[in-house]
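All remarks here apply to the structure that follows.
Letters A, B, C, D, E and F name the chains as they come in the text, with residue numbers starting at 1 for each one.
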Amino acid sequence: MAQDSEAAGARAERLARFRPASGMVTPRFSGLSSFMRLPVLDPGAAAGAVEIGLIGIPFDGATTNRPGARLGPRALREASTGTRALNHATGVAPYALAACADLGDVPVNPVDAAETARRIEAFYRPLAEAGIVPLTVGGDHFVTYPVLRALGAARPLGLIHIDAHSDTDDAQYDGSRLTHGTPFRRAIEAGVLDPRRCIQIGIRGSMDAADERDWALAQGLRIIAMEEVCARGLPEVAAEARAVVGEGPTYLSFDIDALDPAFAPGTGTPEIGGFTTREALHLLRALRGLDLVGADVVEVAPSLDPAGLTALAGAGIAFEILCLLAERVAARA
Amino acid sequence: MAQDSEAAGARAERLARFRPASGMVTPRFSGLSSFMRLPVLDPGAAAGAVEIGLIGIPFDGATTNRPGARLGPRALREASTGTRALNHATGVAPYALAACADLGDVPVNPVDAAETARRIEAFYRPLAEAGIVPLTVGGDHFVTYPVLRALGAARPLGLIHIDAHSDTDDAQYDGSRLTHGTPFRRAIEAGVLDPRRCIQIGIRGSMDAADERDWALAQGLRIIAMEEVCARGLPEVAAEARAVVGEGPTYLSFDIDALDPAFAPGTGTPEIGGFTTREALHLLRALRGLDLVGADVVEVAPSLDPAGLTALAGAGIAFEILCLLAERVAARA
Amino acid sequence: MAQDSEAAGARAERLARFRPASGMVTPRFSGLSSFMRLPVLDPGAAAGAVEIGLIGIPFDGATTNRPGARLGPRALREASTGTRALNHATGVAPYALAACADLGDVPVNPVDAAETARRIEAFYRPLAEAGIVPLTVGGDHFVTYPVLRALGAARPLGLIHIDAHSDTDDAQYDGSRLTHGTPFRRAIEAGVLDPRRCIQIGIRGSMDAADERDWALAQGLRIIAMEEVCARGLPEVAAEARAVVGEGPTYLSFDIDALDPAFAPGTGTPEIGGFTTREALHLLRALRGLDLVGADVVEVAPSLDPAGLTALAGAGIAFEILCLLAERVAARA
Amino acid sequence: MAQDSEAAGARAERLARFRPASGMVTPRFSGLSSFMRLPVLDPGAAAGAVEIGLIGIPFDGATTNRPGARLGPRALREASTGTRALNHATGVAPYALAACADLGDVPVNPVDAAETARRIEAFYRPLAEAGIVPLTVGGDHFVTYPVLRALGAARPLGLIHIDAHSDTDDAQYDGSRLTHGTPFRRAIEAGVLDPRRCIQIGIRGSMDAADERDWALAQGLRIIAMEEVCARGLPEVAAEARAVVGEGPTYLSFDIDALDPAFAPGTGTPEIGGFTTREALHLLRALRGLDLVGADVVEVAPSLDPAGLTALAGAGIAFEILCLLAERVAARA
Amino acid sequence: MAQDSEAAGARAERLARFRPASGMVTPRFSGLSSFMRLPVLDPGAAAGAVEIGLIGIPFDGATTNRPGARLGPRALREASTGTRALNHATGVAPYALAACADLGDVPVNPVDAAETARRIEAFYRPLAEAGIVPLTVGGDHFVTYPVLRALGAARPLGLIHIDAHSDTDDAQYDGSRLTHGTPFRRAIEAGVLDPRRCIQIGIRGSMDAADERDWALAQGLRIIAMEEVCARGLPEVAAEARAVVGEGPTYLSFDIDALDPAFAPGTGTPEIGGFTTREALHLLRALRGLDLVGADVVEVAPSLDPAGLTALAGAGIAFEILCLLAERVAARA
Amino acid sequence: MAQDSEAAGARAERLARFRPASGMVTPRFSGLSSFMRLPVLDPGAAAGAVEIGLIGIPFDGATTNRPGARLGPRALREASTGTRALNHATGVAPYALAACADLGDVPVNPVDAAETARRIEAFYRPLAEAGIVPLTVGGDHFVTYPVLRALGAARPLGLIHIDAHSDTDDAQYDGSRLTHGTPFRRAIEAGVLDPRRCIQIGIRGSMDAADERDWALAQGLRIIAMEEVCARGLPEVAAEARAVVGEGPTYLSFDIDALDPAFAPGTGTPEIGGFTTREALHLLRALRGLDLVGADVVEVAPSLDPAGLTALAGAGIAFEILCLLAERVAARA
């Protein structure tokens, strides 16, 4: 009992320590930009101190189309200073549920994808071992692969993957296998994802060939194309997503190009006909209660968007995901 | 009888005088930019001449986030040169129903909110006394407070408030009470709004704290969050708005950030997940027949929107509101 | 028999020759920008070689509002390099169904609309005679008129016209009859369109006067305003469009301002309250199986859109239309 | 004497009436945008009231490259609200020297250059006859031709022409003679310019052919290419300009593309290697005391310049020219 | 001796601690953006630890023209991540000469200039007392006034002020005395500047009236207008600046609008005809060896500059100034 | 003799065949964008047909700062459509001197620098062997290294390198040796550049460390920093460049960041204080008569420059260099 209340006290203290700066006291445009205006913590000091770590991976060296997602973490930090403490729609107050901090950026090598993958995996492994739930901001979608290697090392994960593209290519350009078009194929091959517990939502646009899709389906992956989303409606889609991943540990990956280019023009491979932000928020809110062990928001390329819509949307999506993660942390605390 | 037909003749003459320049004769990009290409009139000459006055308030000195709404009136004048004489959807021809003119800008003091509030109130009071219906273009949302003081001086008004934020904060930054986050609290305190005849539609996003909302609800204000709008649909929401304000004199305030940032990126505090312009138009068209004594469109900050979408949307919204006001004027003429 | 298989062989060879460059081999941002990365062919060599010709008409000298659509073909060529070989939603692989090539631009005279009209008609006439289906990229909407003169010379055509504006004005500025507000009136007067087989979808916004609409309705044209689209839903609208044009030869004209400005800000006369790209794609996919003898995408003015959304949307729309045309070609091959 | 002092009194009254609004009283971003925040006057009322008329000609229908200069007058009106009453460098206070007003825009026909030329000439002729000095804001450079026809009708004028291009082509596109590449050839042919009193400064870039230059030189025109400007320095160039035009009536035409694109990116045919604004101001200040009967600033195309530099530069150049005109008016008053 | 070497050792340690992150190890686009990628330190911990403090003041509530400078510190932090450790031109390695840190932002009240002035002064006073040299990034130019109050409290300072405007107005809008047009008048009145040791360089553009200048000259201030700079050359101007301020304590204030708008478009009151960045760097390098007790770079308003030139220039200017300050610190260490 | 005149005839025919499309006949904004509107030729067909090949290398996978130069060739092709046939300043008509064609893009692998280097070298080697002079458009500066390997395989080359950075780093990020900061070190190590015949002009900005420079100087390279350029003047600098490279075969490499960011904001590592375009053109024109065996323009990253200045400058620089190459070709023909 005493022990419990001591633990509760320590937890309360931690929660009090890791609060974002309030916009009612200092304006949102002031101060250094950290994710959500949260305290910044050295990743080495995170174990035992925080429960959710927000991490940037400024790498786009695996991009096959228009580059610029390496500038995504910086843009999202700035845009996220506009998010506040309380989720209007769900009532969730994430910082009251989980101790959150900005753990900085993974030290990438912008010209070497293989080396960067090793560094990412090395960065995430101790966090995973310490039970810290990472919320990653990319970077291109390639970065999800080494993150999954770290988080899924113990047992394969389920996946909810919201995107315009399946990213299950095998290779491009005569044999390149480490691109932002291949992370989920690599992760399945590496055994860190369980394809039968994987679902992709919002896939659309034209394809170079049907191979990518055929391979994925053959593994048992479930693909809900954008047209199916429209036909069946979000509640049904969300229900199927919950069914596919079940109660096991699950990763959530949100590629900003899942949104329509009107809502997120700053991304390397935009595809018309995507989600509105309203739909994306609704979809995410329908995923409460899952065992989410990590999540990411990737492919924000701010130079391609002079009005800053994409980082704004990315920050809002990241906040909504943070609420999901915080509830899951609190449920297990 | 003779008197009536004389009055009718005078009215017809007035209506003929206050017509916007036609784009079929001189191109819309030519000539000086007035609101809707209407004639410009000194406010001192408005009494007895016009029935609706379009007025700019280029003030953003109460903005707590990204500034720039002081440039809103200028941008809306330019964008509004694209609006025409006949509302395609409703068939309303506003300039055939009411004499409208551009009454210029209130002479603001950009570095003094309290003084500017006094100037605004002084500008609107004689118009209100002369029965001229003002359609205001802001400026940040703070400007609505002194406008309400002038229009509601005789009796408290009802309010239909379409916005992403409630703007019912008490104070920010250790005591500042005149900000664009407080106008409706100030107006209720001043007795110029009747909170039980007030409704807010489209509120969303994250909050710093729940106080703002709790205070408003305690006054009797009705808040329909964006999620409720989605769940119930616009017809039902509009019906409730009509029921809340009833047949009494009512003010309509449209904050451009009610729209989703994809439709209106140029605003200081954008929140994803908002209205489309199509929904906004539908909502406004469902408000025909109310006793609207004034209205505004605020928070257009054009520098934040290099494609000019926000001023375009603001001008379209303003035209739709103008149709509502013109019908109300004609109904009472 | 032998002859047939020879013909089939020749056709297969042709189809193999006119394939877009694959993004899996050379990146989409590399190489010269042709429409869809297709081979470029001199129009004089098109007869007997290709079945669908993609053609630019970089003319905006009939624009009465903001200019810039003359830069549309160049912007669409670049944006279209992002389209791929297989339509995700419908499964159509257009380049396997029809031999397609970029036939370059019509040699316009930017300061002479009448002369340009003659050149356009002269450019399209031999293509029409050779049975090549043209997919045109404008340019302002005026260019549709001379294209219709060429394609409808043999017999009047039906029309599915998706747009914010009817473009059936008679004259502007004291007598100018060749503007981008008049092409469909001119085409009906010229007898190349059959007004009873014409339908316009998405019309909205304010009007200078009702004449334009009244004239069109008097000719038997069917107009489905945006409000009616919303009220009845796309399936019903598409069904009516199919019924109006019937089985006869039909032209499809897509003005990019049919889309909402959030999806296509780069156009001369934007009107809020328009289609989303998702709706536009759905509408187009509901038009499969019609006898489409030509189509266009017009009014993309890229300078007005620093994020490049409009050309992106235009390219996606053009690809979707290309799939319709390719199916029709294959059905008759 | 009495008469003189009466005249002086009337003049003082006029000067007092035509003052720009002060930015010390109402902020520069407020109010309707007229040129220099000057009063707006109907051109029909200008005779006897004002001495310098600022006039917009929003026409770009003769543009052979990127369009958009039709939006120039509107953009310059807005940017010119930042100019003030007193020239810091020369000490000239133009509004104390000459009565100035914004006379609005010429009613152009955007799709008909020949008709627009007639309208421009008709607009300027009575002003010229009333001795009003016009300062024109374009529009593309074609508009200078009809202005010169009106101002030079009585006797041929001298010309100081600051530009990257000579604009003395004969015809383009197989015979089009009314383009923005031909105005000075047309004006010389029409006898309204005296080629031996004409000088062009800043010509540079690549040429399609040498004809244009050879023809001009054969007429006796003096061309100082940018390279010669650099080699000889501005004082010497200005001195030669003064010598070429002498004491006779002279027109000053400033094409904004004379400036380097870094200073004026928003123009249809930018050429690198141009003037800085500092050099342009120096050059203009060295032209004091000439008999300037009119002037223009043309080719500002604001859509091509999201930062607004071009209109800003255009407004500053226009103010500097206005000072020249005002001194000339005062010298003759 | 021992003591000295101990002090030297402590200093070396300090210098080693306050080093910017190297771009050769972690890419410049990665990590949180602090000024120059320097360590961030709480201002309360600065005394005894650092010698130069970089401080943001995100306030633009005293701006009378286009706002946005409140977003300047954030933009400069980001742009300054591109500056490196060694000044190429002068060979100065500032971080080897002085311990520098980012001390964060002053907690401003965006809607209250007087209160913000109090907060700024209170923030700087202890730093001044601890002998820390502040390098401030604004914010509008008003912020210089309270900084000068703190730094000049002990004795009046000399001033080198590089700007397009004198900012010595008395009041605007009927009595407002705390605007960004008045800081130097207020500072002289407050006795914290010695006007005979003040020099302004680069003043230009048009003026509302001559009062502002006349008052300044009457106080003994030296004004070198842009035209005089051009006529005399930078070496002579710099020599005069050195002579004016002499050997006493001096403040250096750099308004980014001193630069030409081509080099710094993102500022509220741009004036054509300004300095190039090359000239500005040359001028600053000619100021080595002065007793600089503080400096600032103000008026960067990034929303007005989609290409980011202004923050880039501001960061480069700030680095150059930092080198001056570091040399001065080292000379006195 | 007969043989000679036959050869001359063949050459004349070739020159006639490889002419850019004239803007006097078809507008510059029409048609597919090739470099300078030149004919496009398969590189395999270039030998014996053309003398100068314009080639794109859309690769930026070695960029350590902001990416985007992979989009450079496409942007330069479009901007170069504004260049014409005759150099105004020098009188050179390059297409009359040498047969020029657009040879398309090297088939890069965007995620593999080493493989791309091999492909580039393989692409250029046969061109070098056929005596075709390549004018390359990057891509980041890394691409120069494999080009030099191909061109300098027979004997080491001299180099005139105009840039803000020396690009002679050894390695970054713990050992990466193939970046855009290392090409000239790699080329010297490979023996394809003779360091004593190499000169760098315009180097400036801050440095991470002095190593890069010290190594280069130790090899015998001559570095003229921007400050020395300013102090000595361009004629002297050009003279020294000519002296350094002498009469031997020489390569000319122009990094667009040599220009000041005001003239070229769209580049990954901008440095204030650079060349104006006017100075760059002067410098290049002073290099006539050298034995230039190849040249490039690199680091144009168009997404970072919404006004398109950088591609415009790049195209102008490329045209000027083309004139140098054409004169050299003609001199040896």
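Following the convention adopted for this analysis, a residue touches a chain if its C-beta (ideal position, glycine included) is under 8 Å from a C-beta of that chain, and two chains touch if they have at least 3 such contacts.
Note that this is a predicted model, so its numbers are computed, not measured.
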Contacts shared by chain B with chain C include exactly A, D
Contacts shared by chain A with chain D include exactly B, C, E, F
When D-E and B-E are ranked by contacting C-beta pairs, first comes D-E
Dup interface of A-C (contact pairs over half shared, numbering-based), picked from B-D, A-E or B-C, is B-C
Per the C-alpha means, the centres of chain C and chain D lie apart by a whole-Å value of 41
Here the gap between chain B and chain F, centre to centre from mean Cα coordinates and rounded to Å, is 57
Where chain B touches two or more other chains simultaneously, the residues are 25, 27, 29, 64, 66, 70-71, 110, 172-174, 260, 262, 304, 306-307
Contact graph of the chains (line, ring, star, complete, other): other
Every chain pair meeting the touch definition is listed as A-B, A-C, A-E, A-F, B-C, B-D, B-E, C-D, C-F, D-E, D-F, E-F
Listed in rising order, chain B residues that touch chain C in their complex are 22-25, 27-29, 82-89, 260, 262-263, 276-278, 281-282, 306-309, 312-313, 316-317, 319
Chain E contacts chain A in the complex at 25-27, 29-34, 40, 56, 58, 70-71, 73-74, 77-78, 102, 104-105, 107-108, 110, 306
Listed in rising order, chain A residues that touch chain F in their complex are 60-64, 66-68, 70-71, 109-113, 115, 172-174, 176, 178-179, 303-304, 306
So, in the complex, the side of chain E touching chain D is made of residues 64-66, 169, 172-174, 203-210, 225-227, 230, 260-262, 265-266, 269-274, 276, 304-307
